[in-house]
Each structure stands twice: as C-alpha cells, then as structure tokens.
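Take a look at these structures.
There are two complexes below, and they share chain A, which is joined by chain B in the first and by chain C in the second.
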Partner chain A sequence: MRKKSVLLIVVVFTFLMASGFNGIVTSIVNAEEAKISGKEIMERVYNRDEGDGRASTLKMVLINKHGSQRVRKIRQFNKSFDNVEKKIMFFLSPQDVRGTSFMNWSYQDGRNDSQWIYLPALRKVKRISAENKSDYFMGSDFTYDDMGDRKLEEDKHQLLRKEEIDGEIFYVVESIPVKEDYIYSKTISWVLKDKWIGLKKEFYDQQGNLLKELKVNEYQEVDGILTIIKSEMENLQNSHRTQIILSDIKYNPGLDANKFTERNMKLGL
Partner chain B sequence: MNKFIEMILKHSALMVIILLLITGFFTYQIVDKAYLETNLDEYMPQDHPAFVLSDKYEKLFNISDAIVVAVENNEGIYNYNTLNKIKIITNELAKLEQIKTDEVRSIANADNIVGSDFGLEIKKFFTKIPESGTELTTLKKDIEKNEMVYGRVVAKNHQVALISAELVEGKIDRLELYHHVQELLKDIDGPEKIYIAGQPVVEGTLASLMPADMQKMVPLIIILIVILLLLIFRSIKSTFLTLAVVLFSTIWAFGLMSFLGIPIYAVSTMIPVMLIALGVADGIHLLSHLHEKIKNDLAISKIAAIKDMLRELWKPVVMTSVTTAVGFISLLTSEVYPIKYFGLFTAFGVLSAMIFSLIFIPAGMNLLGLPGIKRKSNTKKQDSKLFFSFTDWVLKYKKLIIVGSILLVIVGMIGMQRVWISSSLLSKFEKDEEIIKANNFINEHFGGTTNLNIVISSDEKDALKNPIYLQDIWELQTELEKLDKVGDSFALTDYLMRIDKVMNEDEGDIKKIPDSQELVAQYLLLYSMSGDPENLDKVIDYDYSKVNLRLNLKSDNASLIKDVINRVENFKDKSSLNELKIDYAGSAYTNMIFADLILEGQIKSLLLSLLIVTILLTLLFKSLSAGLLGGIPIAITAIVNFGVMGFLDVSLNTTTALISSIAVGMGIDYSIHLLSKYRSLGQTGVTPLTAARKTMQHSGRAIAFNAIVVIAGFMVLIFSSFPPNRELGYLVSLSMFSSFVLTLTLVVALIDKYKPKFIFMKKNYKLKNKKSNLD
Partner chain C sequence: MMTISKKNIKRNGSIIILLTLLLSLLFNLLFTVDINAAYISNNLKNRFVYDLENSDSYRVLTLLDTTFEQKFSNSILYINPHFSYNYHEQEADSKLNEIYLNLYYNNFDLRIGKQKVSWGKADGLVVTNLVNPRDYTNYPVFAYEDQFQAINAVKANYYLGSDTLELIWRPEFKPAIYDKNMLAANLNGFNIDNSQKGIETELENSELLLRYSSLGYEYDYELMLAYIWDEQPTLHKNLVKKIVSPVHHRLAVVGGSFSTMRDAFVLRGEATYTDGKYYNTNDFNRYQAGVVERDQVKLLAGIDYSYQDYQLSYQVLQETILKHEDSIEQEQFTYQMTFLLKRMFLRDRLATELSLYYDASQEQLMAKPKIAYDYSDKINFTIGANYLLKGEQRDDVIYFETEYLF
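Presenting the complex of A and B:
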C-alpha cells in the first residue's frame, strides 16, 4: 500500500513521535536503554504522536544547480479517519496557480491511494495517478516515500552507533530495503535520543554513493507535539535543493470529513 | 658562421648525441603523455560568444550529445523478445559510466501521458514486458495514440525502436565509448538488426579514422620517399641522413606537443606528412650540392666538402625554412585551436628539420664518411640541353604565358565562387562506412540524428507561460517542420498540447495550446505532480523565461542550418516572438559557426602569409619587385586551388582549409631559389638569355627535384581510405605542381619582359668600369 501524502511531510521530516503514553514509555525506554535495537528506535520515531489532524502553511523552495528558485506556498490539512488518511492542500502562490488544490486519500487496507487535482483555470476536478512512490513530488527532492509513505517493515534497521553532536546524543540507524531494486541502497538516520525525532538523514543510491542529505534546521513544540519547522533536502549528485518551512501550525484543528471532498477542493479555502 | 661550422665538425659526435638525447626526451614525452582528442567540443574556441552562449544554454537545458541505438525487427517490434532486448539495451547503456544514468530513453521507460476513465495518468508504456497478443496490441495502440512517442521513439512502421543515451559532462573519449557500446551490443543476437549512431559516435569514429589512416599512409610515404632519395642520391648514407632529419623533426614536433600537454587533434595527424614532404627539401639541397662538389672534385677532403656545403647553403636553407615556417605560423590567426596548433607545431617541426639539416647532416656525414660517388656521367649535358630549350620556349612565348596565367586567374576566380563551406562531419566518411549506414537508416525512420536547439528567451520571469508566445512557437515548429531535411521538433508546446488533449478528452479530439497563463502554469504543476518534472527542465528553464525548441535534422550541413535560422528569423519578425530574443545552441549550431570560423581564419591566414612572405622577399632582395615576383605564383596557386575545389565540388573544411597555407609556405621556396640564382647570374653582367638559361639549369633542376618529391609524397594520400585525406593529397599535389610550373614559366617570363633592376643591375661592374676609366 502506498501513501502519497504531502501532509506527512512534517511527519516524515520528523520521523518522529512520542507515543501516546509518554510517561509509561519513558520508564520502559530507560530500562531498555542499554540494548535498544535499530528497529525499536525507528518504531518510536514512526509511531510518535501527530495529533488528531493538523493544519499548516507550507513554503516549499526549489533551488536548482544554477541557483534559480521556484517558491510555492500551500495551505494544507490532514487527518486520519477510520481506515484512511486524508490530506488536502490549496496553493496560495505563485499567483498563476492560486486556487489549485490537491487531495490524497491513503488507505490502510492496501488499496492504491486516490488522488485528485482541481485546476481553477480548467474548472475541473480530475483524478490523477502516478505509478511510483519513488517519484519525486512536484519537482522537489522528496519522493513520496521520503515524505513518510515508507512503511517501517519495508527496511531492515540496524543501530550503527551513538553519536554526540553539540552536546546531544543521537542514535545513528542504518535502514536497508528488504526488497532489492529500490531507488536507495540504504539510508542512515540520526535520531535524537529520548525525543525520537530524526534530525538528519543520508540517502545512498543503488551504486552505494551518497545521493541526498536531509537536514532539519529548526524544530519546536507546537500544541505539545514536537514539530519540524525548517528542513532542507539536498541532492548532492545534481546540486538540486528543496527547503521546506512550516508556519501557522495547528494540531487538532477540528476537521471533519467534509473538508476532504471534491466539492471543497473547488470551493477553496 | 664559420665558427659554427668548425664547431660542428670538431664536436660531431657530441652534437649527434645531444640531438639524439633531445629526440629521446621527446620520444618519452610522446609515449608518456600523447593522447588523441575525440571530443569535437574541444576543437572549438571556448571563448567565442556563440560558443559561450551555446554552452550556457546546453548547461541550462541539460542538452548533451546522445548515442542513438536503433533496434529493427522486420516482423515488427511487438513481441516479447524484441521488447526485452530494447529493455536490456536501455538498462545496460544506463550502467555505462559515460552515460547519464537517468537520461537513457526508449519505449521501455518512456512516459505515456494518457487520459483514463477517471482523469490523467502518466505511466510507463509497460513495466513488465507484455507477452500476450492483447497486451501487445494494446501497446501498439498506446504508441500510435501518443504523438510524443510515435515517430520519435518507435518508427511509424512499427519495425524500429530508438534508444537514446545522453553523455555525462566532462572529458569523455568518444571512441572508447563507441567501442564499449559496440561490445555491449555484440552479444545481442536474433532477428533484430542493431544500428549505432549519434554525434559522439560520429566524432569518435572521425577522430580515429584520420589517425588510423595516417598510420597506414605514413609508412607508404616514407617508403616512396626513400626510393626517390635513393634514385636521386644513389647513396644509402645520404638517404639515411635525409630520412633521419624528417623523422626526428616529426618526433620533436609531437614531443613538444605532448610535453606541453596539448592533445593530438585529427588535423595534427597530418603533421608527419607535412614534415616528411617538407623536411626532405633541405636535405636534398644540401646533399645534392655535396654530391655535385664531390663529382667535380673527387679528391676533395671530407672536411672541405662539408664546409663548402654549409657555407654555400646555410643561407638558402635558413631562408626557405623560415618562410615555410611563416606560412604555417600564419595559421595562428585562426580561432580554431587545432588549426592553430597544427600551424605552430608544423612550423616548429620545419625549424627542427632546419636544425637537423644544418647540424645532424654535416655531423653525421663527418662521422659516417662521405658518400661514395662515381665519376660524373654525361647525363648532365643532356638535361642542360633540355633546360636550355625549355628556357628558350618560355622566353619565346612569354606573352602567351602571361595571358595564359591571367586566364587561369579568371577561371580560378569563377571556380572560387562555387566553393562551399562544410561543417558536416558525416560528409567526411565513405558512403559505405558503418556510421553512415546507421545514420541514414535512423534518419529514414525518425526525425533525424542532428539536433539544433532554438532558445527563445525573455528578460521577464514567467514570460514564456504566455499563451500568445506559445501559440507562435507552435506555429514556428509547424513551419520549420515543412522544410526539407527537417524531421520533427520538440518543445514545451508538445507537453502542453498533450496534457490539454488528455484533460479535455471528454470534449472530443482537440489539439490546442492552453489559452491562459494560469492554465499553462496549472498544467505544468499538474505534470510535476504526476510525471517526471526533470523532463520539463529540458524544455523550459526554472524562471519560465526561456524555452528550448529542439529541432531534429536529417543532415548536419551548414547550409541547412543556415536555412533554418533564416526561417526562424523571418518568422520572428512577423510574429509575437519579435518581443523575445532567439539564440541557438547545440553541436549542429556550433559546428556551423566553427565552419565559418575556419573560412574566416583561412582567408586571414592566407592573406597574412602572402603579405609576410612578400615583405620577407622584398627585404631579402631589397626590392619590392622581388617581393611581388615571388608572391605572384603563390597567389595564383591559391586561386587555382580554390577554383579547382569549386569545380570539383570539394568543400572547404578543417582539412582543406590548410592547403593554401601549405602551398604558400612551400611555394615560396621555389621563388627564393629561382630569384637568388637569377640575381647572382644577372649581376655578373651576362646576357638575359644566358642568365635565364643558367638559372633554369641550376635552380630549375633543384626546384623540379623538390617538387617531384613533395608531389609524390602527397600523391600517396590519394590511395587513402579517408576522403578528406584524399582531397588533401591531390589538392596539395596540384598546388605544388602549380607553383612549380608558374615559378619556372611565369616568373621567368615576367623577369625577362620587365628586366627588374634587382636582378639586372650590374652595380659592382659599373663602378669598377668607371674606376678603370678614370684611371
């Protein structure tokens, strides 16, 4: 099953998560500290709380090797329903795509995602389909997988070492795809100890060369949830970069199913 | 000079050892560092504005030369085996380090933008290779329906599929890559036929054919020259020394080139031929003189004979070598680096040959001993007669000769009008060459193997999302595609129309450019969400202020590209595109500019060398008429050369552009010899007839020998399997023949008619006579 969620960017960038049972977990962690495995670390990251839906404004800056930029501003909403994770995003700028909206439903039961796009200039909602979750999203350096679609069990995780950077302890975890023929031969994540948030990640191509590097430049607690605010992904092989900056973040904004409809896509914000 | 001669004779062994050591050093440099440049971009002047701009756009739009592989199956490509082969080749090419991993395109990985029941889909034509009949039929239909693929990636007859693989940036040995690709495709067998083409293959093959051909030709030339030298000298020692001069000077030229880290370009492989043909001249002069001396005085001592040879001839040898070198150095005015280097290193080789002639030959002779010479035979009397009657004939018909020469100039000038410049690399090959067959095959089934990129740009961001411009770009594409030899075109418009068609499929089959900037922007956003946005980077830049329109051409000829550019400029003037800037990029364009530069450089260096040579002669003889007399046969030779090229439809290209410089450099030697002899005789106060006859007998003979050797040397190239080398062979032979004949007829006729003062002024005698009268 695939998710192609832009909303998860946050999640993803973060990889984060404290579980819902903070207190209890902390004690377990302390007990298990000594022999925590790579898999357990990534589980903690994956299962961190992301609240009951979120609204935020996303600024995405694409920078190519010539230094030219494309800047897009998007207002986005996401929420998990029973069996489906729904996201909707509205383009605020550039002016000529203002009002364009994109919706993604990602099902838990293994069905393919459903995706819609509304083009105001055409006044039509169309369903779209892209075949590969390794595809780059909207010309950025993030694939749908990078943005959080990749399942925990699709990789084998191994704790390589602990590293101290600027006085903070990080778990360095290597993740190798179970199936061969994936765009990455491995990824290495730097997970901040006790906070279960990934602050750096390296992506290696099929030949084993470093392809991309993700760095979290700013994170903070919003509504009690640790949230990545600024991050940057750089493709070291073609010198293309993508910066993501989140603002106006609100967790549990009280979204209901009506927010995620074709009708609402047309209506706009 | 005497000191110098003494020194050579005293330290002969040391001299030879020093020269051999330097030669050894240069040989080591060649073995260690020499490499063949196979990337044509390296031949271009990188700082020329047209190349700078082209380079900028090539980087901006990721334009790079591609190897093109065509897979043909007469039964059609829609079967598991053929499709599987296409997929394997696609994957294997992507693995080559010289190829951009994600820029190998074929039907196995092409995007298919389609409208489906529920909306827009961008997917592959197949992920798993289809096997069943229905799957294969669906694939065929899918391809037929997608004009971004049909006729571009799969031929319209469904029997040929194309795989294109773009090269990574940086230094890549084109030839090595071609061999890799051949190796890779060797194992693929079955009913399919495989063709390999594309600019890198053409460049690699071309860069290798010329040296390979020279490798075959040079030994032949050497053998021929050895035979001629043996016939002339009838002495192994003399032949050996003369041969050593040319071989060593070639090593010096290539050694210095390698030492300075300059690669061997295709044209540089002509240097050995040049030096062999030119270098023997000095040797012939020195050693014929020596032989003559010994014949006349069999008792002469070794030292005396060598001293006499050097004393008598060092001046003409230096003079002719310097003027020849000047002819080649004038090529430095060319903006084309390989030609500059060719000129520079040939000049260096000519001067090294001079050093060898003046040091190695006497020193070697001193060590080896004089050649054994038999007593003078009476053949000399016979050719004296021949030369005398030839002189009489020239003097009798001098008016006819002058008029004839004028006619020759007129005819030559008419032919000159027809000379055309060719930047076409393909025209340099034999018609049955593998690459030509592959190229023709691909041109027949697809748009064309030559790409011209037309870059349309504005200073304002987002300007190229304007539908008015896009509409006109589409019309420009339509108009250009009507031209003969223009295959197809590809631009942002093709994506937009495809998406528009798919998005409006419910409203019927309409093909149009979206009608608002918003819709254009939204389609592009849509594409970036579902397709591979990097594809768009090839057709529009990040600021949406520049678009790249790629034109596929079926010929790489400059005239076609010029024609296309004219059409574009005309269209621009009468459309909205006149608000925008249009530039051109890509190898087809730079090759054309390159050809123009060659022509320009050719004319510059020809005029410059004529001027310098005339000035040198003027200074040498302290007479302007000497300069003009020497310049005339060369100038006429140049005109004849171009005239013949025009009449025989030989194009002006990197190889043929060098010919007139060679002709000037060598032709001037004949004038120098003739005029010096004429003057030394004329100033003795003999009658004009005797002066002419004696000049003809002495210089005419040496000039004839020289011309025969050089012409014979170049004639060998006529048997070359490489067309440009053949052209070079007969054109240089013709030039040499022309300046040889003109020097002995026209110059003699002119001197006899006008009796120039610098030859017939008997200054010294008059003074002496006056003195004696006074006494």
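Presenting the complex of A and C:
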C-alpha cells in the first residue's frame, strides 16, 4: 500500500515535470478566466484607464441609404471630480448650431444626471431633462446612452462565450436592461481580451430583432491610453449609418472645475 | 422731472460707449500676442408675408444677418450688422444689432458695447429679463428673442465656481419702441406732448442691474436687483389742455428665478417685486395727471416635458397691482399664458410647432403654427402663420421663408 502511494506520487510528479511550469501557470489562468463573469468583464471595460480628463474633437458623418452625407463637428471635454463626471460639448458645425453647447454632470451615486444646453440665439443656459437618454443625438444613429452615458448597473451582464476573430480573443457579453421599457431589449458586446475594449456591439429592438450594429474600425494608444479613433454605427432596419472620427485627442489636459461652468458654455473657451 | 434733449441723449451715450470700446480695443491689442483667425458667418433670409385681413397687402423682405467674431488671446470682438430690404415699400435699412468687446480673465469678464443679455428662466414672457427693452414694431414676431433691442452697456461678471455675479451698467436709457398706431388708439382725442418722454444721459440717470446666478445638481437659481427706468411710459393727462404726456418713471425691482428637474419634467419659476410703477387712473380729483404709483408683483410658473421627438411647454404669468383701487384702469390681476407643442421628424430635419399665446386682460388668443424643413445644413424652409383665434385687434398673416447660411 505504501509502495503504491509512493509510486503514484512519483508518476504525478514526473507528469507535472514533463508538462512544464508554463503549463501549470496556463491551467491556473484558464481556471481564473473560466470564472470571470459578464459583469466583471463589463466592469473592466467601464473602469478602463481614461486618464485625468480628456479633450478631443468629434466628427460625425451621417450617411443615409442613398449615400448622402451630413457632417457635424464637436469639441468636447470630460473629467471626473470625486463623485461626479463632468462633460462639456461645443458644437462647431454646421453653421446653424455653431455656438451651441451642452453640459452633463453624471453622478456615481445613482442620482439623476444634470444637463444644460446653451442656445446662442436665446443667450441663455437652460436646464433640460436628463431622463431621455434613449433620444438620438443630433439626428445621428447614436443615442445619448450609446455615446457613453449609460451606467454599468443599468444592465444585467452575462458572458455568452469566447470567440477568436483574426487571431484575437474576444469575450462576448450579453447585456439586458434592468428596466423593461428601454429602447433596446438587449445588447451584445465583443470585448477584446486583456485590453478590455469593446470593438463590436449589436443592439436589439424591443421585439428582439437586430436594430443596429456598432463597429470600431480603428483604435490606437494616445498618451499611453487605448482610444477608439474611428467607429461606425449602422441602423440595419433603415440602412442609415453614422461614422464617428475622433481627432486632436489629449489626455490629462489639465482641466479644472471651471471648465464645466455656465461661463464656459456661453464663451466656448 | 428730467430735462429733455433727444439729440444729446443719443450723442453722449454713443460717444461714451464708442470711446470705451476703442480704448478697450487698443488696450487689448497692446497686450495681445496670440491672434486667432476671424470667423464670419452670414444668414440670408427671403420672407414673404401675406396679410390675411387685407388681401392686397403683402410684404417681401430680404434680410441679411452677418456675424463677425475675432478671438484674441483674452478677448472676443463681436460684430453683428443687419441689413434689410422691403420690396413692397422699396426701402432699405441697416443697423448694428450688436457690437461689443468681451475681455476675459481667470475669474472675471468685462463686456463693453452694444449688446443683448438674457436673464431668468422664462421663455418669451418678461419677468426678471429686464436688461433689454422691447421693440413692439417687429411684427409678426418670428422668434421671441427678436422682440428685444440691444443696448449700450458695460457688463462685468465675477465667477465663483458654478456661481456668477453679474453687474450691468446702462449709461443711457432706451425705451420700448411702439407702433405709432398703438399709441394713437389710446389718445381718445387728446394731443400728445413728448416733451417729458426723454431721459437725459447723465450719470444720475444711468441704470444698474445686478444678478447672482448659480447652477447646481438639483436647482439652478438667480437673484436679481435692478434700478432702472420703466421701458413703458405712463400717460400723464391734462384734462384742461387735452394733452397726454408719456413719462418714464424710475423703478426699483427685486426678484429671482429657478429651474429644477423632476423625472422627465423641468419646472421653472420667476418672481419680481417692483417699486415705483405708475398706472393710469380715472380719479383725477385724487390723483394729479390721472396717474397713481402702486407696487407690482409678477409671478411666473412654467413646466417643460420632453419625450422622444415631442416637446411640450406651458407657462402662466400673473401680474398683481398691490393696494389696487377700482379707479385704476388696469385690473388688479392680469394673466398671460403660453403653450408650445413641438415634434421633430426625419432625424430632426423637419420640425412642426404650434405655439399659443393668451392674454386674459385683452381676451386675446394667438396661434402660431409653423413647419420648418432643414433641406441641407445650409438651406432651410419655413412656412407658418400668426392667427388670432380670439380677440379684436386682428393682424393675421401667413408667411414663407427661405434661409441660406454661408
């Protein structure tokens, strides 16, 4: 009996030695990966390093099914302050919206966002309702939520599978809204393993049909931070598309709280 | 009573503003290194207005609005000239809507020149928005903001985070502009004497307005004080000589406004208390010239609701004359209401709008339907009407407008 035990230990030890140390590590990692949940993946996507604020210029190209194009340009700034993330947008073109600005304060503790709009013709900063996050932004195929306003806890996330595309591994995560009356019945995201960046997303309407598809066409490191440069949202039900191109990107641009005020909305500084 | 000199008023006021503007510009240029490119934009409108009350009457207008902005390292020069041509009258007109220099520093701004400033949370109805006098000759009113005249002023802003302290100094008084026919309708056989109407441009006659405003998580609010001249003259009557003299009186106004969000609703409110307001009275025995001074309170409540492509807005304004007497011509309580229903179609390219304005004291209900189509980002078409659903002073029109932006 004792001899048998010793023999078993020797066999196991020999097998382990033969399989190599890397194999042991891989097995441990795989075990960890197998445990990772959809929520944890999306947490990592939401909490990816975005620096201490960002300044960028956003170009939106709206393309209808006949190929006719309309272009909108926005200069935007955002930064987190303690419990609140502040964002300010200045509309540069077309001409009839030039000078308009939009400001959003998003609270991490679950309170409703505060939103304001400045209309130069009225010379007035107006508070607007932040309830309608599912409204489309400037006639594009992006809703305010699609533009990044949605919070992690507003959906239940589930890891569906892992997929290999062009040699890269993606986590495929399904997100179902907690509130049933939301514009989408579910979304499915393709998250690049280890980089925690979503490169594809499908949006399903309330009937469960595929409504829109978001594809990231280009991403790169800017100031050491992985950044989506070009993306396209296509509405598959009406063949309308919106391309988003980001330029003049600067992380940690030294923004302070005074950037996100009524004064700046009016002056466009 | 102030002495009158219309020529001096205009000349002195303009000289003060022009000199200040030039000095500021010179000062600014001397200390400026980084000069950015200028921005020029033009808005060309062709408007056809057809008078429904008089089938022979129509107007065709061409309007050109040019905006010039030059940014310097710590200032902006803004010039907005306006040109118009009336084909029917064969009249050309031009004016400088606004011209000012805005100097800005760390937490302080200074704006000098001819300008428009908007206060309060109301849309169209005036409670705390007392900076710019109104122009009632702009009819039909296409946009609420068109009813205000620019004024020569110096505006200083001091910023404390999200809060702002704003002080406006108006060196010269500018009254509201009325249609001559409106005044004539109220004369009742009296002759008009304008000798007491003007306010001489002197330091003691200048106007001051102060506002503290704040943006916050739950509420935005403003508190204001104003020591101004009443933009509307009170008609002083001499029964013996059968003369009516329009006179502007000094007003001291204190007020405030707020807005807050409740789910999909935005609630708004404004209030003012005015000291020094004069009203016409029938009791000439007790009150000389048929005018009496009474304090006035204005209260406004408004609600906005938006859901998907729909936008709804409702406002009610109550004006109350304190210590009211039966002999005062205006009722103690008067009400005005506005309602707006707007819906966007075709990815915000087509906007349909119905706005209603109700003046309870005049028993007047005006409907303003409008359809605007954004053909491209440079060309827009608008068709609309101003139609009196209830009331006597009919001035109904339909209009069609093309707009070219370049």
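Here, the second predicted complex is superposed on the first by the 229 of 269 C-alpha atoms of A that agree within 3 Å, B and C clash if a C-alpha of one lies under 4 Å from a C-alpha of the other, contacts with A are read in each partner's own complex, and residues count from 1 in each chain.
By definition in this document, a contact is a pair of C-beta atoms (placed from the backbone, for glycine too) under 8 Å apart; a residue touches a chain by one contact, two chains touch by 3 or more.
If you're wondering where the values come from, they're calculated on a predicted model, not measured in any experiment.
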**Request:** With everything superposed onto chain A, say whether chain B and chain C fit together or clash.
**Result:** clash
**Message:** Touch test for A:R127: chain B only (first), chain C only (second), both, or neither?
**Reply:** both
**Request:** Give one of first, second, both or neither to describe whether A:H66 is in contact with chain B, with chain C, with both, or with none.
**Result:** first
**Request:** Examine A:D52 and indicate which partner it touches, taking first as chain B and second as chain C; both and neither are also allowed.
**Result:** neither
**Message:** Taking the superposition on A as described, I'd like to know which of chain B and chain C A:M138 touches: first, second, both or neither.
**Reply:** both
**Message:** Under the stated touch criterion, which partner chain does A:D223 make contact with: chain B (first), chain C (second), both, or neither?
**Reply:** neither
**Request:** Once the structures are superposed on A, label A:E153 by its partner contacts, choosing first (chain B), second (chain C), both or neither.
**Result:** neither
**Prompt:** Is the number of chain A residues in contact higher for chain B or for chain C?
**Reply:** C
**Request:** Using the touch definition from the top, say if A:T100 reaches chain B (first), chain C (second), both or neither.
**Result:** first
**Request:** May I ask you to decide whether A:A257 touches chain B, chain C, both, or neither, giving the answer as first, second, both or neither?
**Result:** second
**Message:** With both complexes superposed on chain A, which partner does A:E163 reach: first (chain B), second (chain C), both or neither?
**Reply:** neither
**Prompt:** Taking the options 111-119, 561-569 or 687-695, which segment of chain B carries the C-alpha atoms that clash with chain C in the overlay?
**Reply:** 111-119
**Request:** Could you pull out which residues of chain A sit against chain B in one structure and against chain C in the other?
**Result:** 62, 70, 94, 96, 116, 121-122, 124, 126-131, 135-136, 138-139
**Prompt:** chain A touches which residues of chain C in the complex?
**Reply:** 41, 76, 102, 104, 107, 109, 116-118, 121, 123, 143-145, 157, 159, 161-162, 164, 213, 215-218, 220, 259-261, 263-266, 304-308, 347-349, 374, 376-378, 380, 405-406
**Touch list for chain A against partner chain B, complex** = 62, 64, 66, 68-70, 91, 94, 96-97, 100, 102, 116-117, 119-122, 124, 126-131, 135-139
**Asked** Any idea which chain A residues touch chain C in the complex?
**Response** 62, 70-71, 93-96, 98, 105, 107, 111-112, 114, 116, 121-132, 134-136, 138-140, 240, 257-258, 261-263, 267, 269
**Asked** In the complex formed with chain A, which residues of chain B make contact?
**Response** 59-60, 116, 118-124, 127, 462, 465, 503, 514, 516-523, 525-526, 528-534, 536-537, 541-543
